[in-house]
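Both complexes below contain subunit A, partnered by subunit B and then by subunit C.
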Partner chain A sequence: MEIPYIFTPRKDTGMCNSKIAIWLFLASEVMLFGGFFSSYVYLRLGADYPWPERALPVMPGLINTFVLIFSSVTVVFAWVSLKLRKWGMFQIYMAITVLCAAIFMGLKAIEYNVKFHHQAVRLSDYTILEGHLDHIEGITDKKGHEVEADVIHVKVNKLTFSTVRFHKPWVEEMIRQAEVNKATITLGSPLKIEGQEVPSGTALTVSLLNQIKKNHLASRSNNAEVRTEALRDAWVTEKAKVGNEGKQGWQMASNVNIDMDAIAGQLKVETSSIVFQVTPPTELWFPQRDIKEGATQSKLRDDTVIDGEMLESPVAFHNLDAIDFRYVVMKAEEKGIDPEKAIENTWLIKNNEEAREAWEWNKEQMVILQEELTKGYGLDKNGKPNREPTLTERYRIGWQDFAAKAEKVNKGHEAFNMKEQFMGPNYEHRAPAHTFPHLHIPRELVFLSGKFTPAWNTYYAIYFTMTFLHGLHVIGGAIVLSYYLFRGKKMYQTNPEWLANRVEVGGLFWHFVDLVWIFLFPILYLM
Partner chain B sequence: MSAHAATADHSSHDHHDDHGHHHEPGFWSKYVFSTDHKMIGIQYGITAMLFLLFGFYLMMVMRWSIAYPHEPLPGWMDWVFTDNWKARWLQDGKVTGDTYNMFGAMHGTIMVFLGVVPLGFGAFGNYVTPLQIGAVDMAFPKLNMLSYWVYLLGGLIMIGSFFMESGSAKSGWTNYSPLAGFADGQIVNQWLAGQTQWLIGLVCLITSSLLGSVNFVTTIINLRARGMTWMRLPFFVWAMLVTGFLLLLAFPPLEAAGIMQLVDRVFHSSFFLPSGLFTKSDGLVQISGGGSPLLFQHLFWFLGHPEVYVLLLPAFACVAEIIPANTRRPMWGYKSMVYGVIVLGFLSFVVWAHHMYMTGMGPAISTWFQITTVLISIPSVVLLTALMISLWGGSIRFTPPMIWACAFIPMFGIGGLTGLPLAFNLADLHLHDTYYVIGHFHYVVAPGILFAFFGGVHHWYPKITGRYMSKTLNHLHFWPTLICMNTLFFPMLTQGMAGFHRRWYNGGDAYLAKALDSANVFGTTVREHIDLNILMSRSAWIMALFQIPFIVNLILSYVRGKKVESDNPWNATTLEWATPTPPGHGNFTFDVAVYRGPYEYSQPDSDKDYTPQWEKPKTDAPVIAEPAPVAHH
Partner chain C sequence: MADSVEHIKKTARLYLLIGAVLFIFTGVTVAVAKIPMLDVGKHGFDTMDMILGLAIASFKASLVGYIFMHLNHEKKAIYWIFFGAIMFFGFMIFLFMFAKYDPIHFNGFQLGIPN
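So, the complex of A and B:
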């Protein structure tokens, strides 16, 4: 049995199987990315926060665009080489194509990495701050690195674990931290596990929790069975009562109860939560995403209840490299307040000298910029300038602005090198003095804090999702093309036309991947 | 020697494939990792039927909770669970709201994505399509195998989530955010939450159907036998072609939505979560917000509506094969059906938001979708009418498949007609999310689509195994099922109009206390209709009992069934009956050529009451478009 038209076209349709299949597949891919592009439009039009326009460094994206376009050309050359039966040429062009894919992914990795190390904080008054955090002295994570100043500190005296839900790595982390602080976490009250007494004061271990869990589950199963049987009996009794013939369940339900006294002897003790004492009360820290903090009682996401006073847990910026008031302005306009007033009323401007200076400097710069714009673009017939500074220029003080301020040049006239265009400011080189402010923000003012990840806002969410998915396509395509490059020799010798057909199909996919990027680049980097 | 004669007696001789080097594949490559479309079709069929059974079981438990919310699950239903599972998910043996939600979400998901689609498209499509177009196999046999395994993987991931600490998904089969974005939030490792597993499973299923649909469409376009022109394709193949396109183009936006929801859950983004979201446990939720729950609904229903036709078209496909073969007359309006199914395919992409009238999209958008929805009923009615008129003046043989096909027409008709009020947004204000909707689409899917598939199983079973299925057992299966289907789903329409909400886990019991309060009108309405729950639930359980004859029939007929007399036991005209029984690897033992349309029954120039597609025209008859041979590779 042989499938016809594997690489020779069928006369009446004019295509071979793989050609039809790849076009169908690409149609499906268009619908997939179409879904994402539509979502992008939908999210952007419906955004109730200032959409971060031109938030990404353009240079890496631009280079990547040319890299991909170039590789789209070389993949065609590779195909032509096969058609001309020039294996050596094919190898060269295909190698260049795959190399381009590697360059693309390398730049992508750098871009991602910069974002994953860049902190963003939204205050409850809608001020947005960006930068890099301080490391807290003397407090280390389990790898021995000092943790960044974005954790919740609690002076813990009691821990209550949920027997079925406790998260093992978190328990281990608490034990580790207590050991570092020379404190002990011990069982609050004695327990019985499978008939054996576990005295109070037994140290917390994961295996102890597991034992308690196992015991609890066994009792829970037993009790459920006993109660179910009792309820069934109760229903049988109720239905047999005189006068209940023909009644529906809901008419009798209120009379049906489990006879708890009768089954009391069969029930076993369930331990749905376990209390541990921390002696002496000691300071533990928790990543802020895992904890719902409270003044005297906090809760972890695995339902562990932490009793103890919450300590000062500020978010501390080592280098603050952007202050963004656009959200403040948007909210002020919604309420009909003067934006400048709203900005001057923010916690940041009121409490931080450096930020206030930067804001004042920025206002002066706007006057200068307006003069330049009027000079360049002139006035309209009503005497109003044709161009005004954008919202971003007016209300966002970015790292270039901090640099310009330190260098005493006007906004937009600062010099930065190629590396900075990729990686952001070179702090040491730029700032012997206070180019980038230090800042401590009390925890109660922080609404949202984290790195530039999908969690930061819907723009970054769709940026990461789309570019990651596109990256997967690049990797997938590169793997297929490398397969032709490194494993194609044998097929070239036996059936070069078939290999050419395969490369053509792979090349079509590669063009599609390129095309997607050509749409992604402007909507994510430029618009 | 005519091609027909060539196929008559190959049961007597070994059929080798074209190349002569015949080697018998081992057990694993023949039955498990098979690349033969027929074996893959059977794998799909068996797997899908097992999933259907499981989905049915979930529904039986739910029906207990609806009919007897105060009583523990009876022993004959709860033996499936482990003690630990029961203790976690049942309260004193009673079904809890969480458990009901879990079962409800998974019942829908399993029935749609793991049961009906794989059965219709995967099983029937795979087995029959290449045979009907005269192809040796699918265009990409290995891809076909991969498609099955990815489907199975997705299914197992979904079923596996029942046994996780979080339980399975419980936000309905539509998985709307923000509900679905927060469900199982207590699970620290979100990859291990049932709600996340649902998304992963779904991505697998979409990948599987993508591979499948590329394969189907390519096969139908490029592997048709010579002479098999477009208008000679059996309607079955047309339906599969359109289904393939629907799967190909409608599923990806759901994949996009699924990926975004996955990112929402695992990486805490806010694609579908608006600003200022409050929950009971967390207060103001600390997320970025700024997303849109409506976006998810748009993406979901952009798939969701074409999906309805993905379920439906294979059913039409089966019935369209069964009816001409059993009425012994050509199908009425073959061309209208073909054009109808194409129009249906196109229109199904522009009706999605009729599922969203209640979301506040605004009257302008609602009106647009109302118009397109009413429009799409035209091609649907064309299809159903053509099938119905095909019965007219036929010499009907009530064979087992025909009984099912005959029941399909009115049952699907009820399903379709009850959909009309839902298409109008004013009527939908009242009926939205009530049992009326449940009744409507279950009429379409259960006594509609599933009946067609039962018919399909009976129709092609002789080709697959060489034996007929038992008529007696079929009657024992058919009649109780028909009655129970109606006593199960018809009361839903009544209850729905009375305002019963589709997601009440206790069947409205919570409102009964208010019935005693004379001022509460709704409580009184509930009181008047709540006893229907018991009728419906009992129908469901009795129906389950009467599926046993089918299962027995399916298995027993394989060894005990009456043997077929020839390769074409129904004296049908399409190409699958020209193959040996069962067809070997490579399908055909002669050089296939097609000379005529698919349903030439009782032709005046023929001495039989059927003229197969592969039968050469008599020399004295005018030859219409003798197909030019196309060179094979």
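So, the complex of A and C:
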């Protein structure tokens, strides 16, 4: 079937069908992104923690803005080339546009990667620490990599698995770790599966758990059937009794009971949980996100109960590159406590010399900054400075500040190079100057620990949602434009105007992608 | 749309000019956010910076829409479609104003503050 009005305008609309279609699509896109921008406003205004304003490195976002604007110009020139019937020029401009899309996504990937490897910890006193974790010597994961120092160590003597909820990879990992530690995980008491006895001491395997699960589900299903049938019989008997004719169900319900003794022979043993012994009791580690730890008993997210003493499981920062007291200040102000006093009473300041030094240095820097601001902008009528240091400057010591401190320059003076503006601090290069503190945090002080992922806070949730959705649009647009670049020749030879219209439509989408970024960049990177 | 060859040749220069303006104003957006001397309002980010930042972004977006997306000489139907979407967008953005009627108030996790 031939699609009508692909290069000649319809009389009623005055446009080709594809043009009106893309505008309808763009209208729906405006509404889609509008919903997310609205969510951003709502989350920012309603945040119950200090919103991380101007938290992202500007350079990657700025370069990406230039790249997208440049590609908007090249896509429009690709269209112009087609209108002027210059196929070669069209190819060049379109190739540059697609290349720009690739550069944009490449930079985005670098940005995401840096965040996914950057650790944040919130202590129970609201101090927030950022940086990179130590690796625990001698403890490796299944790929042979040393694990990061953010795991929970437990000396396990007993494991109770939920038969229906156990998570296969976690079971396999426990078996692997036990093997490494030369310990065995074996069935605690004998069990019957489909009439066959499984003796106690049988080694834990995923297939054994699967058999137990299958048997449990079959028993549960059988028992439900038997009980339902018995209940039905009880109702029939009750209704048939003399004097019960015409009575409502609720009037008889209290007399309807299942005779459990009568059905006991038909019921099968259900095994909703199954106990395994660990011999000898051995140290196993669990990622902190998977476990709710306790002193003598812990629980995994798949309902596995771990009996055993929790061992020391500190979070260890190899390089602590930011200390953020803004949340402490916010909470102190809510309670009418002097913010600086609250900061000086935090665990970090009381227990870590390097952090205390950094805090003192930052306070000195604030005096210098305030002097500069007063000198530059003067005082108001009441003798108060017209400009004062921001909350971030006063209460957050970022990696640039640590770098400035190590290089003995003032806060705000750029003590970092271009690469560091992209990737964050170059730890190796800065190690000899002892720029970044090392720190061990006892587990009981850790309230929340994780990478800078959408789960960290609502700011990163909306940042990743909006930029990822935008990134998908960049990829989608690039695929469509690549199609015109590589497969458009036939269309061009049939009728150049056909391809020109298609490119105009694709270009409209591409401009929209640029337009969204024009707002995303200042909102996420500069505000 | 006036898509004659002469017109297109003439507008090609305009596209370049708009591209340059967009580049310059991107630089301006970053400059007013990062250079203390150009900081409007109070020191650091505040409402004035937000208004200025969004005003520049809106100006840039309108150039993209007006020139690159040819909204300066489009058919009436397109304007109606776009108008509807923009109205919806405007309404969505101000939805947060109803948040104060939200019956659920979250006051943060109740943990001790250091003494």
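Throughout what follows, the second predicted complex is superposed on the first by the 522 of 527 C-alpha atoms of A that agree within 3 Å, B and C clash if a C-alpha of one lies under 4 Å from a C-alpha of the other, contacts with A are read in each partner's own complex, and residues count from 1 in each chain.
The rule is simple: a residue touches a chain if its C-beta (ideal position, glycine included) is under 8 Å from a C-beta of that chain, and two chains touch if they have at least 3 such contacts.
The model shown is predicted, which means the values in this text are computed figures rather than measured ones.
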{"item": "Touched partner set for A:His440, first subunit B, second subunit C, both or neither", "value": "neither"}
{"item": "Partner chain in contact with A:Lys292 - subunit B first, subunit C second, else both or neither", "value": "first"}
{"item": "Partner chain in contact with A:Gly35 - subunit B first, subunit C second, else both or neither", "value": "both"}
{"item": "First, second, both or neither for A:Ala27, with subunit B first and subunit C second", "value": "both"}
{"item": "Touched partner set for A:Leu62, first subunit B, second subunit C, both or neither", "value": "second"}
{"item": "Touching partner for A:His429 - first (subunit B), second (subunit C), both, neither", "value": "neither"}
{"item": "Contacts of A:Ala342 with subunit B and subunit C, given as first, second, both or neither", "value": "second"}
{"item": "Touching partner for A:Met15 - first (subunit B), second (subunit C), both, neither", "value": "both"}
{"item": "Subunit B versus subunit C as contact partner of A:Gly46, first or second or both or neither", "value": "both"}
{"item": "Overlap of subunit C and subunit B interfaces on subunit A (superposed complexes)", "value": "13, 15, 20, 24, 27-28, 31, 34-35, 38, 42, 46, 48-49, 447"}
{"item": "Of all residues in subunit A, those that touch subunit B in their complex", "value": "1-6, 8, 10-13, 15-17, 20-21, 24-25, 27-29, 31-36, 38-39, 42-43, 46-49, 122, 164-165, 167, 170, 217, 220-225, 227-228, 230-232, 235, 248-250, 253, 256, 258, 289-290, 292, 301-303, 447-448, 453-458, 460-462, 464-465, 469"}
{"item": "Subunit A partner contacts - residues on subunit B that touch it in the complex", "value": "17-19, 67-72, 83-84, 86-88, 90, 92-94, 136-137, 139-141, 165, 185-186, 188-189, 210, 213-215, 217-218, 221-223, 248-257, 259-260, 263-264, 267-271, 274-275, 282, 286-292, 295, 298-299, 302, 509, 512, 530-531, 534, 585-586, 630-633"}
{"item": "Residues of subunit A touching subunit C in the complex", "value": "13-15, 19-20, 23-24, 26-28, 30-31, 34-35, 37-38, 41-42, 45-46, 48-49, 53-54, 58, 62, 65-66, 69-70, 72-73, 76-77, 80, 83-84, 124-126, 328, 331-332, 335, 337, 342, 345-347, 373, 376-377, 387-393, 447, 507-508, 511-512, 514-515, 518-519, 521-523, 526-527"}
{"item": "Residues of subunit C touching subunit A in the complex", "value": "3, 5, 8-9, 11-12, 15-16, 18-19, 22-23, 26, 29-30, 33-34, 36, 42-45, 49-50, 53-54, 56-57, 60-61, 64-65, 68-69, 75, 77-78, 81-82, 84-86, 88-89, 92-93, 95-96, 99, 106-109, 111-115"}
